[in-house]
Amino acid sequence: MNPPDLITILISGGIGLVAIGAVGMAVSRHLLRLVLALAIAEAGANLLLVLAGYRWDAVAPILTGATVTRPMVDPVPQALVLTAIVIGVGVQALAVALLIRVKEAYGTLDIRELKTRVEQEICGAAGIAPPESANKPGGGQPYPVPVTTSRESA
Amino acid sequence: MNALALPVVLPLLAAFLVRPAGLASGSLARWFGPLVLLLCAGMLVDTALLTHGQPVSANIGGFAPPLGIVFYADSLALLFAIAVPAFALLLWPREAMQAGGDRISALMLLLVGSGTGMALSGDLFNLYVFYELLAVASFGLVASSGSARAWAATVRYLLISGFGSVLALVGVALIYAQTGTLNLAQLSEFAPERLANPLGLAAFACLLIGFGVKAELFPVNAWVPEVYATAPKRVSALLAGVVSKLAILVVLRLILLVFDLPEARQSLLVLGLIGLVSGELAAWRARDLPRMLAFSSIGQLGLLFMAVSIPGVLGLIAALAVALHHLLMKPALFLLAERWSGGLENLAGAGRKAPLAAGLFTLFALSLLGVPPLPGFWAKLVLLLGLGQQDAVLAQAAIFGVLLMAVVEAHYLFRLVGLLYAKTAHGAPPHRMGDLAVASLLGAILVASMPLLPALAQGLGWMAHQASDVAAYRAVTLGSTIPGVAP
Amino acid sequence: MHKLASLLFAIGLAALLIGLAAQLPLGMTPMVVGQAILEQAPGETGSANIVTSVVLAYRGIDTLGELAILFAAATVAGLVLAPSIHAESRLRAKPRHDAGLVLRAGSDLLFPLLLSVGFYIVLHGHLTPGGGFQGGVVLAAAFFVSFLARPARQPSHVGIVLIEALAGASFIGIGLAALLGGGAFLQPVLDKGTLGQLVSAGSLPLLYLAVGLKVGAELSGLLAHLAE
Amino acid sequence: MTAWIALVLVGLMLGAAVLVLYLDNLVAAIAAASVVSLLLSLLFALLAAPDVALTEAAVGAGLSGAVLALGLRRLGLIDLGKREYPDA
């Protein structure tokens, strides 16, 4: 049996990760799950970027002193991916920080419920009646008054 | 022109230093940011004067492009680069001047540094990095209003923006795999043979969606109404006015240099038209001023995408005219909305209490609509002329869409202006002097541009010719290989 | 049903994309910039690790932007999580217990080890795989481990602010020094030395040291904000 | 041979990625995300990218897991701070 084609496998892996992440972002309702899905999609994009610089039978772009006869892979995409990975974790930490505050204020991390609540609040602040659908949130329970900090009222 | 890096780097340096400065002295931290911005704006104006608007480039790190990253400044790039610190100064958030505002100052400085970088950079991945920095800084500024709903809105903004970034990264990977370079000038050389294929178009679509998030492009603009309604109004003004234009500048460069394909232009036209129609209809239905402005901003930027889709110099002129008009208009409108953020019904009679604000609002509304002597009319006229030049069915439909949406726009804007001057007692607090002053300044520029229109049109034409000159772009970026030598 | 439909849609999309991507010349992609950098980098920067040359020299301003992004993320996290009136009432001075004896002893042992490994990785970035980012993460891990073991002994926020400011400023400072010396921003300066030596590659190890400290400080700050 | 290793790694990685979406327990989902990163870093090593592999392992598998776990604790979804060894 012939060994499968390495590049095809890896492309499938990269695109698969991006697709799984995209689906996760489309169907998930829990915000933390959305953050995880984003991380998965990002990982897939990074894999594709490294693949873009890969060459058959090439070695890592580091000079070791020994005379190298084999070619080296393209170093540029690797540098780009280094940057992209660190950017990704920064954004992720920021998202988690925001989630903590959102959970404290609203007591939920369900994205649809939050959307309704934000809509209601904006309407409430503007002094207009919230839209029809927002009047009957899940369960029909009235929401507690969201907590805002002092900076808001200033 | 190695000094070209300074207006990008100095705000970043200042951002790093503003918090330690705040530990030492509060007032030092407060005035630090605006002073650095003033310096950067001065340096950019100085560059523009020195070069007489002729394109120059700077090799960052002293490596000849395409190996290193290159900054490219033609008159178009300089115009937008100057707009970034200038508008950041005009719209400097009030929170940054209060105690503990050093974090917000730092974020504003990062926003300016990255925005200037986006206007100047000539490298695809470098643009992506600056775009991400711009995004993270804008998340912080939106969240800085400190309300729970702003945090919730920021989370959604962050997720949509993050998804766009992933797509942009995939686009970069697709391009790199086919060309082996990231330099825009070199990409423009390789594009006709290596990127004019389905994969190239897929890469363009990925980049378009990625950079389109900030430009409020149709499928990725769901964050807009929430963010603009919950962010501090000066931040909304900055995002709608300046940041969106920088994202569009990137799309414009991509389509001019790399993806000069009819399919790419068509997709821009379609997405722009959908954005225009959906934005204006939503604005018509909106019941409070901030969200009405947010939706109308989506519509206006849809108009701008349609202008970008027009090929040739006429399209560029149209895009520049619409972009500059919107750049003046939206920040001023958001500043006026600061005190008028309640429901539209509550605004009845507000104009009698605040005649200056209402007068300015009426002026901007008229120009937004495109009532003849005002600059907005000429911007829309050039756009329609450009669309009429093409004989595709799509362009005809687009013209029809633009005219129809102008009617919708007229309806909701006149309804609002009528409300402002209704004979009802009104209790809203007066506008802050600072907000009114900035809005008046922008209004004055708008009015002053009317007698200057012929000169302005000539200037825009010259700028458009320069920006569409791909050969010059290549010659300047790839040609000036000796570091330290000003052309 | 909704989930299943979107999953099917995604599978279809992925198949389409894989089909498209199969046309890509992956594995034998054109090396235009990459080839030139591979040939010129050892001579131009003196770094044995060519990825380091790209990160710090050829694309140095990307790295600066990335540091700024981390800084922005840490700043926003601080801004959002800054103790507000609401949060103070909620935290209510939760009593902080030290972790168990095993953890504390382990962290005392690990801390110097992680610290030295971190600096080793940072300072050998121009010779071996690794560098400022990876080393910076290890440095942050060192502080985080000691924080986990002794939550009562919080890292000093002022210290973190100063380190991140100085590290960021020195990265830009090295770049500006080259500019003032008549070169371009972030142009490699100093003697390149012998390829493969610890003291070589001119200003690159210094830049990586700044990157490592900056990354370490930002990440420690982020983790401390989240752990509070 | 390399291709077979890659096949196994990619299969595991995609499986873990699906688990991230479908595991009800968020702690388990975060662990699965770390597994994705770890396998990805092995793939990077396979692709002659040691720098990227190191970064992905340190950042993706380590740091990001720590950030998310701390976040979970602050969100009140788990209690990492629970002491199981009351000896101190």
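A few comments on the model shown:
Per-chain residue numbering starts at 1, and chain names A, B, C and D are given in the order in which the chains are listed.
Note that contacts are C-beta pairs under 8 Å (C-beta built on N, C-alpha and C of every residue); 3 or more make two chains touch, one makes a residue touch a chain.
Predicted, not measured: the structure shown is a model, and the values here were computed from it.
Chain centres here are Cα averages; for chain A and chain C they lie 19 Å apart.
Mean C-alpha position of chain B lies 38 Å from that of chain D.
Mean C-alpha position of chain A lies 25 Å from that of chain B.
Each chain gets a centre from the mean of its Cα atoms; for chain A and chain D, those two points are 14 Å apart. Chain contacts: chain D has residues 50-51, 55, 59, 63, 67, 70-71, 74 touching two or more partner chains. Annotation for chain B: residues 125, 129, 132, 136, 139, 143, 146, 151, 174, 176-177, 180, 182 touch two or more other chains.
Under the contact definition stated at the top, the residues of chain A that touch 2 or more other chains are 6, 12, 16, 18, 20-23, 27, 35, 46, 51-54, 60-62, 72-74, 76-78, 80, 82-83, 85-87, 90-91, 93-94, 96-101, 105, 147-151.
Chain contact topology: the protein chains form a pattern that is neither a line, a ring, a star nor a complete graph. Going by the touch rule set out above, the chain pairs that meet are A-B, A-C, A-D, B-C, C-D. Residues 6-8, 11-12, 15-16, 18-20, 22-23, 26-27, 51-56, 60-65, 72-80, 82-83, 85-87, 90-91, 93-94, 96-98, 100-101, 104-105, 147-151 of chain A are the ones that touch chain C when the two sit in their complex. Those residues of chain D lying in contact with chain C across their complex are 50-51, 53-55, 58-59, 62-63, 66-67, 70-71, 73-74, 81, 83, 85, 87-88.
Within the complex formed with chain A, the chain D residues making contact are 1-4, 6-7, 9-10, 13-14, 17-18, 20-21, 26, 29-30, 33, 36-37, 40, 43-44, 47-52, 55-56, 59-60, 63-64, 67-68, 70-72, 74-77.
Only residues 17, 20-21, 23-26, 29-37, 40, 44, 57-62, 64-66, 68-69, 71-73, 75-76, 78-80, 82, 84, 158, 161-162, 164-165, 168-169, 172, 175-176, 178-179, 182-188 of chain C touch chain B when the two sit together in their complex. Interface of chain B with chain A (complex): residues 95, 125, 129, 132, 136, 139, 143, 145-149, 151-156, 158-159, 162-163, 165-166, 169-170, 172-174, 176-177, 180, 182, 226, 229-230, 287-288, 290-291, 341-346.
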